[in-house]
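Both of the next two complexes hold chain A, though its partner changes from chain B to chain C.
Up next, the complex of A and B:
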């Protein structure tokens, strides 16, 4: 990630909404030149509104947006010099592939020969050689999104806005295009803001991830940061820590212990950071392992339970395990029968502990 | 009974209606246009129609084509404004206003235009009151200009209705993609929207052209004098002379004019489809 003194885009106190209802409640965001940012959030969190407000398609009610130090908040979209790639491809069906890709250059007054040369290099860069004169309606979904990407890249944008560009594609094409897009971004060095609701997509592509919740930024950080150190139960759950258990911290004979509510026999020595009172722990299913009895239980919480259901999504088995009143999901290479007793190992360093939320 | 027979049976009422109410009278009028009293093939009615009304034929073509071009421009401007304007007030007021002429019959529109466009009508009086010109220099628009103005006023909403629907159904992000790359709204309209709604625009204009070709009340009430539209000539041949053969010959000439327009359109459609195997 190359840091430049002036941010590619700098957003301060951004507010926007539809009519009386407010969607964005003051968003601050800086993207460095050449940085790839993913905005992640569930539907209705304001991530698309944020992107559209940056692009100029949605009016802001307060705040500022500056692109390389230039204030663009008051400018119409055509004056902002950003390039956007849309979920629906948004190609123009009455033009050829080359017509679509060259349109931005035509608007900038390039000569026909210069446009043709630029398009040729883009076509080969995107693996679309020989398709320049095709109608875009004759292309597959993956090819169409490559054309849309080429159309955006043709104008050499300093900032590329990606509005869920991969979510209409089938899984295999999505994975390969994910990789290609990231490679292109590294090679060409533009800054990118990528809106997605796909956690894995955000994790694998972005230098930094922004998680939005109810029109606010809930956490900004590297993929490792947000995954390993979520700042709130919302983030923990959003990053896949769906397994919850209430923990009651106490001192017993001057030594820290933890009791798991509802599992009265589970009073364990606590080796982690010190806490007091009742908290809730969150943990990802990947972090939980199914152990043979008498394994080293150091730095872990071990729970006894039994397999309540099993699925095989490929590679590993996914189990639902009942431990008293709780259900945990976990994966394992081993085949267990339904109803078979197992022990769960919850490593303390993977447990995210927060104050228990009241509904 | 087989499914095919049931299908034919269901189709029969509609087919009969077309036969009895459209093809049969059309056949009779074509027959009358091309035969004399003895039923022998002749072109004398066409020669008569040509000698009496050749000016009106040109006049009809001129009026309907000019009005079509103006309807085309007006409806493009209106649907463009409604599709691309960022002023909510403008869009809402246009949407509310533009449809009104659709609900007003041609004869009422013609009557309104008489009081609006006359030498001492509302339009001239308003301009004089605004001090734009002296009362002495005001002129009546109740001639070919009046017919065109009435047609454009009456037909623009119809074409706009179709066109605005087509614009609204375009994927919004296609428009946004163009603006994002730096296209002004005018360029978006000309380079992105119009090429995509062209088929709808053409259908609207052809239907509108055919409607204008068949209106009798407007040329009669607004212009009155010669030259006039073929519809007025047909009514005159029948009402004053009972001259059905010449009226039928004029009718066939009107068919030819509308067919010519329809043929241009169909040929264009065929070409576009040949280029776009989908």
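Up next, the complex of A and C:
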């Protein structure tokens, strides 16, 4: 896809809030034409406020928003050429499916026959053939969100805003609609900003992910960037690196070693990047493997421990492993008994090392 | 077993008695009204009318009769009151529901105030003021008095109707190009319509039944049905009074059935919020 030289949307120093309390503390972001961006964050991080401020539902206190080079920050929502898909669907219950989808076109002065043709093509695009005259209240959740998507796409928006559109759907529908949405976006080529709290949803759909924390952008990058190279402990934990261990780096005989606090016999050769002093390591449970003794310890930290609990969520076993004062979670195909001694392999390249947080 | 049967039986009996008493207190007066409306002659010591007939129905429904004139006056005033209260309560209700107004609770209470004081005291003063400015004895004066009285229902119900509409429904329209006015007309108003219809019906019935305010402000030039009823029964004409009361009952019962359909739980739960 050819990228337009002008960003589809460009946000600079955006600040917004409710009354005296400030929600967004200066957000910068650029979305290229045809790009799919996911804004990821836990509830209360300001991601929905950011989306609603971009849409014009919420006033900004400072900063600029420009759509294809045109400043829209001062414009009311109806003049911004964006379309939003809401978590609550926000379909008008007093109108039919076709009435909902044709609303924007009617406002734009399209003729009845042109609207009908457009709606027909949208209905078949969204797998809703023959439902045009239905009341929206007679549809299932997945169908309703498809209608809402059709209503937004009908006006050929320059930017599609998605406010947790899949959160209210049950798991199966959510997965299929996730795929459909991504396919539609690729075929039609519009730029999209998708707000979600679901990490997997963001990872699988987006070209780039923006992770927000307390009204600021914590990291922007491709799914690989944010997962493999988190810039802060917050990102690492958000990306599922829930296992933590304190690492004490030191020199021994002129060679880098690392000591794991609390495990006195664990002074290991350090093969990774050089660090100094005490740091905290974060690692995802799927990066940890349970290994046979005598495995090559190169490029890894090997810890001895024993299984403290086991669960079978399906596919693989999930273990909690006690290593001295630490507990790690890890998954494995092998069945181990509770209390059985095991060795954990933590690959150095999957270990994210940051300064120890005092808080 | 017998004990159980007995207790079921006695429960049935109590239920039956309860329903019977309720019916007596509700329907007894109604039966009396109906009886009076067809009694041409009825005096003591007779327990039932001496002669039956529809003479008084003809008197009431004579095109030139007082009753028909007051019925027209009453309905006209009630419709005008509905229009006036809608003009006030649609914007007021919307503002109360949507805007972050300071003193929102105080404003809601303000509409309740006219009900808080003894109405006679208020109406005497209103009558005095209306007399000064020449509104006493005019239909406009009566419409105003009824409107103030009815605003509490219409504003509170309208505010509830508007706040039960998810604001995202409005944003969805604005978002794809509708102006605020277009959004209000094509999305908000149709969705609030059931609540507004219910509010209007309440207002209509309130106005139709209103007596005290009309008595102080409208008499003697403006005679509504309740005033006619009052005059007739004070004058000992129980037949005309009964027929007037029956006429007043018709819209009340009819509209109550409609309101029950229109006013949904999600609107009711928002009243006073």
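One rule holds in what follows: the second predicted complex is superposed on the first by the 357 of 359 C-alpha atoms of A that agree within 3 Å, B and C clash if a C-alpha of one lies under 4 Å from a C-alpha of the other, contacts with A are read in each partner's own complex, and residues count from 1 in each chain.
The criterion applied here is as follows: a contact is a pair of C-beta atoms (placed from the backbone, for glycine too) under 8 Å apart; a residue touches a chain by one contact, two chains touch by 3 or more.
No experiment lies behind these values; they were computed from the predicted model shown.
Based on the superposed arrangement around chain A, label chain B with chain C as either clash or fit.
Clash.
In the overlaid three-chain picture, which partner chain does A:112 touch, first (chain B) or second (chain C), both, or neither?
neither
Quick check on the superposed pair: does A:90 touch chain B, chain C, both, or neither? Answer first, second, both or neither.
A:90: touches chain B and chain C.
For A:78, is the partner it touches chain B (first), chain C (second), both, or none of the two (neither)?
A:78 sits against chain B and chain C alike.
In the overlaid three-chain picture, which partner chain does A:137 touch, first (chain B) or second (chain C), both, or neither?
In the superposed model, A:137 contacts chain B only, not chain C.
Classify the contacts of A:311 with the two partner chains as first (chain B alone), second (chain C alone), both, or neither.
neither
Would you please give the residues of chain A that touch chain B in one complex and also touch chain C in the other complex?
In chain A, positions 55, 57, 76-78, 82-84, 86, 88, 90-94, 103-104, 107-108, 148, 151-152, 155 sit in both the chain B and chain C interfaces.
Going by the contact rule at the top, pick out the chain A residues touching chain C in the complex.
Chain A residues touching chain C: 55-57, 76-78, 82-84, 86, 88, 90-94, 103-104, 107-108, 148, 151-152, 154-155, 157.
Hey, which residues of chain B end up touching chain A in the complex?
171, 173-174, 176-184, 187, 191-192, 195-196, 276-278
Of all residues in chain C, which touch chain A in the complex?
Touching chain A from chain C are residues 166, 168-169, 171-180, 182, 186-187, 190-191.
Mind listing the chain A positions that touch chain B in their complex?
Touch residues, chain A against chain B: 55, 57, 76-84, 86-88, 90-94, 103-104, 107-108, 135, 137-138, 148, 151-152, 155.
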